[in-house]
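Below, each structure is written out as structure tokens.
Paired with chain B in one complex and with chain C in the other, chain A is shared by the two complexes that follow.
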Partner chain A sequence: MFDFIQYLFDGLAVGSVYALIALGYSMVFGVLQLVNFAHGELFMVGAYFVMYAISLGLPWPLALAFGMCSVGFFAVIMERLCYKPLRGAGKLAPLITAVGLSLLLQNLVQAILGPNPQSYPASLPEGYFSNALKSIFPSPEQIQLPQLPEGLFDWGEIVVRHRDLLIFIVAVAVTLGLELFLRKSRPGRGIRALALQPNAAKLVGVPFDFTISITFFIGAALAVLAGLLQGMADNQVTPYMGISSGLKAFAAAVLGGIGVIPGALVGGLVLGIAERLLVGYDLSTYKDGAAFFILIIVLLLRPQGLLGKARMVKV
Partner chain B sequence: MEQLIEYSILPLMLFGITAIQALGLQLILGGAGLLSLGHAAFYAVGGYSAAAFSVYAGPALGITQPFLLMSLSLFVGGFSALLAGLLVAIPCLRLQGDYLAMATLGFAEILGTALKNIESVGGTRGFTGIPKLSSLAWVFATLGAVWWALSRFRRTGLGMAIQATRDDEIASRSLGINTYSAKLSAFVVGSAIAGIAGALYVHALQFISPDEADFSRSVIIVLAVVIGGMTSLFGSVLGALILVAVPEALRFAPDAIREQRMIYFALIVIFVMLFSPKGLQSLLERFLPRKKSKIAAARGGSK
Partner chain C sequence: MIMPSRPSRRSAIAALSVGICSLGLSHSLLARAAVTEVKVGVILPLTGDKATFGQESLNGLKLALDKAGKDAPQLKIQVEDTQGTPAGSAAAVNKLISTDRVAVIIGEVASSNTIAASTAAQSAKIPLVTHASTNDSITLGKDFISRICFVDSFQGAVMAKFALNNLKAKTAAILVDSDSDYSRGLRDSFKQTFVAAGGVIKDELVISYSQKDRDFKTQLMKVRKATPDVVFIPGYYTQVGAILRQAKELKLNTKFLGTDGWDSPDLFKIAGAAAAGHYVSSHFASDDTDPRVQEFVREYKVRNKENPGAMAALGYDAGFFMRAAIKKAGSSEPSKIRDAIASMKNFDGITGTITIDKNRNAVKPAVIVTTTEKEFKFLTRVNP
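Let's turn to the complex of A and B:
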């Protein structure tokens, strides 16, 4: 019994990372009904970006903010160039473009930075670009790594690491913040209006392109945050972290109810905890299938997801 | 010259096999309008069961004659994929659009995980020691047969019901079409075709691993169908040709390009979609006016 509770706590961290990525999938799907397969790669790119920014000597909060903004703008440009021209072309064309973008980003990172996992704090590979960067940033005397707390709460049978708890609190805070943003702020209400009824939203003056850009920006920024947390928790980044975590995060978004913000958190936590339980009970070889098994069961019983609301289709 | 011929046999076979898979998905995606992101799973089901048949069951039944063994394993591959298709489709076809895509993707991931844990078919190392039974002739004979059968199937009552369901499900239902069974048959037949392709594959490469059920393999087939143009059988075969030929051709490119061929491949995918969202076939139609008029005539001259 104590084992079970212990695994629940252990699953919080990985589940929270899934949740942070799932928020981006969920928001973009809510607005455009597009599964942005490139989103997982933004998470991976973000993880690299922040790691190199730190290794160039930026203090980590600055590196994180810098990474969130850069990858956010990158996502906005990506949307403008690759998704926007396809808005009238049905659902499949942007989906295929997203898959193409995902392949492109994964292979670009692999080509430039090498296919092997790199551990913190890795410095940029040699090359013209990195030399230029290094001349701008004089070599740092000391690299300030973000420190995840190492201590633990020890309650006899159950031990909870501070860092898992911190990651969980960050995910909850971000989810609440995002929900508040969507409910109270002007652009946030624009996003909800577009998700609900795009044409009516345009009629009452919601700026369509701008709102979509904001959606992509926020989603990408949260993926970068997830990338930093994941990188710190595993102490490494790889070009393939996007594809595996990305698919599971998407499953988490659907599981919780796609387009519903707290749903992404719930879905991510359910999947993270389920994976940890399988590892705990010596079934770790089944770990990667678990997310999708749960997903299919939930979809069959509750097609709109755990927290989603069923919508009637009018003829 | 001989070397060139020898070298081109494997890519040609891969093209034929990919084309068969693409034809199966064309029926599901282009025909019925159902997005399956787990098509490779049915390919793997067919491949694994055909391999298990020719390795374990065939010799046990005393069948050793290669032609008979290959024909039977094609049947086994197709039939097992058909059953797997039923297993997925019966519950999951209630789901709409992207949720169905998600469920098929999930099925593929679960299957991949399960295959990694079954030791009698090789586990994570993959299934080896499969006899080499298929050949270029087998692949292209099957491709031709599948193509012919599908082009006939489109004109049957069921084939038309499938297309009507894709165009407007509610209107079709109001005309008395059983849309559920139309979608079900498209999904199941498409899956069976993928299984046949799997059976050809394992007996050509004498090897299959759980990676064949991977998401990336399913994506390749979706890419083939969409890039070629998903409204026609020809488009899917064209897409399969491009998907196999482009990475192969880039092998002969200068080193700098060859090492990064996946990047160029991804760029090509993006540009094809941006400039011709309906696939390359529509580009061809634009440049070959005679072909266009023929197709327009077949559609009743509208547009």
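Let's turn to the complex of A and C:
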């Protein structure tokens, strides 16, 4: 019994990272009915971005803000260049573009920063640009690196790391904040209006492109936050980290009900906890398959996802 | 001028027969000349989560080939990246055999990858020598496959005896990488020796993890509750680094024992301070006082600006070993090179004296190193 409770706690942190990524999938799907497969790569790019910024000596809040804005704007530009021209082209074309973008980003990062896992403090690859940066910033050895809290809650049978709780609290806070933003703020209401009825929203004056840009920006910024947390927790950032986490997060978004904000959190946590249970009962080989098995079962019983509302399909 | 017809025909026949003779002669000369250069395929994990292994191996191999200079036989290497996966390894071997037409192949590091590669090499009857894959089954029943490193039944036993005799351990836990043949083989050999000598390993303390895992807390909590004397992790540095780091977070105070999969500079980058105070079996230690080892370390450092690990030393030995085998074969024919490899005796490498036994495995010593926060330190050498 204690073991079971322990695995529930262990699953919180893993699931929270999935949830943070899943929010981006969910929001973009909500407004465009597009599964943005490049989203997992934004998480990976974000993790690199923040790692390098911190390794160059930026304090972590500044590095995070910088990373969120840069990757956020990158996502906006990506949408304008790659998805916007395909708005009238049905659903398949943007989907394939998304898969292509995902592969492109993975391989670009691999080509520029190298294929090997990087750890804090990361050193920039050799080259003119990095030499210029190095002359401005102090060398990584002199930098006091930020760390997630290292302590433990030790209740005998059950042990919880402070950092796991921190990641969980961040995920819950972000989800609540996002829900509040969508309900109360003007751009948030615009996003909801577009998700509900795009043509009517346009008629009543919701700025279409601007609202979509905001959606992509927020999704990307949350992925960067997830990248920072994951990178600091594991002390490892790789060009491939977006593939598995991105796919799991996508499963989490669908599981919770894609397009529904709290659904992403619930879906992420369910997947995270399921994974840890399998590992705990020594079935870790089946861990990745299990995520998708759960997804299939839930979709058979509730096609709209755990928290999704059944919607009539327009014919 | 008109020449008489008869003599001309005769001289033509003579010329032709001389021509045929010399053709035969030059043919045999050509065959001898062909040994001056042999195409050698090299398959290594140059990218992916075992990339430092591939890069170190290649650095060592290149150093050996450059050091050998212009003397025949020249080894012309064709390097293929396997991305550290079995599928990538099999594809690399197939490409080397069918497109590049190599006579012999050196490589892979990880046992699961070499197993995939060896099946392809065996069926094409191209000899494959692995410098670093230690799983026992690799050479089993495949007469074109051999290795210049020790096998895991030896390595696992070395660490089990070290735990029992030097660390006075009575209980142990094992963390197994369930995606790796290497790890599963070592689990069995360690357990067998440890239990046979009176040690205790409970079934629930043989815990598996996956190479895709990033969080190992669930596994480590089981160890934390049981408090065994030692924890044996036959795994690769990417996961082991994370495990050590998280063990420290959980204030786990048991000693960790590792194997040659730990032997990478990245272990220290990932684990940080948590890397200190463990024991690892390997092929080579860069602070070994043997003058030939020190000469290699010096030369390697000049070229690569870092200390060589075990993979670099094995890559270096593989270069010289392959050269010696091809010289001995006196031919670039794959089957002749295979025979020469299988009969190599007392080859003097920097990772020890290599004798290929009847199962085409190398009989040679292992070293045990201990870890600090930054590097491996030579502790002792164990002979087979």
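Definition applied: the second predicted complex is superposed on the first by the 304 of 315 C-alpha atoms of A that agree within 3 Å, B and C clash if a C-alpha of one lies under 4 Å from a C-alpha of the other, contacts with A are read in each partner's own complex, and residues count from 1 in each chain.
The definition used in the following text is that a contact is a pair of C-beta atoms (placed from the backbone, for glycine too) under 8 Å apart; a residue touches a chain by one contact, two chains touch by 3 or more.
None of the values given here were measured: they were computed from a predicted structure.
Visitor: Mind checking the superposed model to see whether chain B and chain C fit together on chain A or clash?
Guide: Partners fit side by side after overlay.
Visitor: A:35 in the overlay: touching chain B, chain C, both, or neither? Say first, second, both or neither.
Guide: It touches chain B, and chain C stays clear.
Visitor: Mind working out whether A:7 is in touch with chain B, chain C, both or neither, as first, second, both or neither?
Guide: second
Visitor: So, A:282: does it touch chain B (first), chain C (second), both, or neither?
Guide: second
Visitor: Looking at the overlay, does A:97 come into contact with chain B only (first), chain C only (second), both, or neither?
Guide: In the superposition, A:97 touches chain B alone.
Visitor: Once the structures are superposed on A, label A:166 by its partner contacts, choosing first (chain B), second (chain C), both or neither.
Guide: In the superposition, A:166 touches no partner, neither chain B nor chain C.
Visitor: Does the superposition put A:113 against chain B (first), chain C (second), both, or neither?
Guide: neither
Visitor: May I ask you to decide whether A:306 touches chain B, chain C, both, or neither, giving the answer as first, second, both or neither?
Guide: The answer is neither, since A:306 touches no partner chain.
Visitor: Could you say whether A:69 touches chain B, chain C, both of them, or neither, answering first, second, both or neither?
Guide: neither
Visitor: On the combined arrangement from the superposition, state the nearest Cα-Cα distance between chain B and chain C in Å.
Guide: Superposed model gives a least chain B-chain C C-alpha distance of 5 Å.
Visitor: Starting from the residues of chain A touching chain B, keep only those that also touch chain C in the other complex, and list them.
Guide: Residues common to the chain A contacts of chain C and of chain B are 285, 287-288, listed in rising order.
Visitor: Give the list of chain C residues in touch with chain A in this complex.
Guide: My answer: residues 46-49, 51-52, 178-179, 207-210, 212-215, 217-219, 221, 224-225, 238, 241-242, 245, 249-251, 266, 269-270, 272.
Visitor: Give every residue of chain A touching chain C within the complex, in rising order.
Guide: 6-7, 10, 13-14, 110, 115-117, 119, 150, 152, 157, 159, 161, 163-164, 230, 233-236, 238, 240, 244, 276, 279-280, 282, 284-285, 287-288
Visitor: Which chain B residues qualify as touching chain A in the complex?
Guide: Per the touch definition, chain B meets chain A at residues 29, 35, 91-92, 94-99, 101-103, 105-107, 109-110, 112-114, 116-117, 170, 215-216, 219, 222-223, 226-227, 230, 259-260, 262-263, 265-267, 269-270, 273-274, 277-278.
Visitor: Under the stated contact criterion, what part of chain A meets chain B in this complex?
Guide: Listed in rising order, the residues are 29, 33, 35, 82, 85-86, 89-97, 99-101, 103-104, 107-108, 111, 243, 247, 250-251, 254, 258, 285-289, 291-293, 295-296, 299-300, 303, 315.
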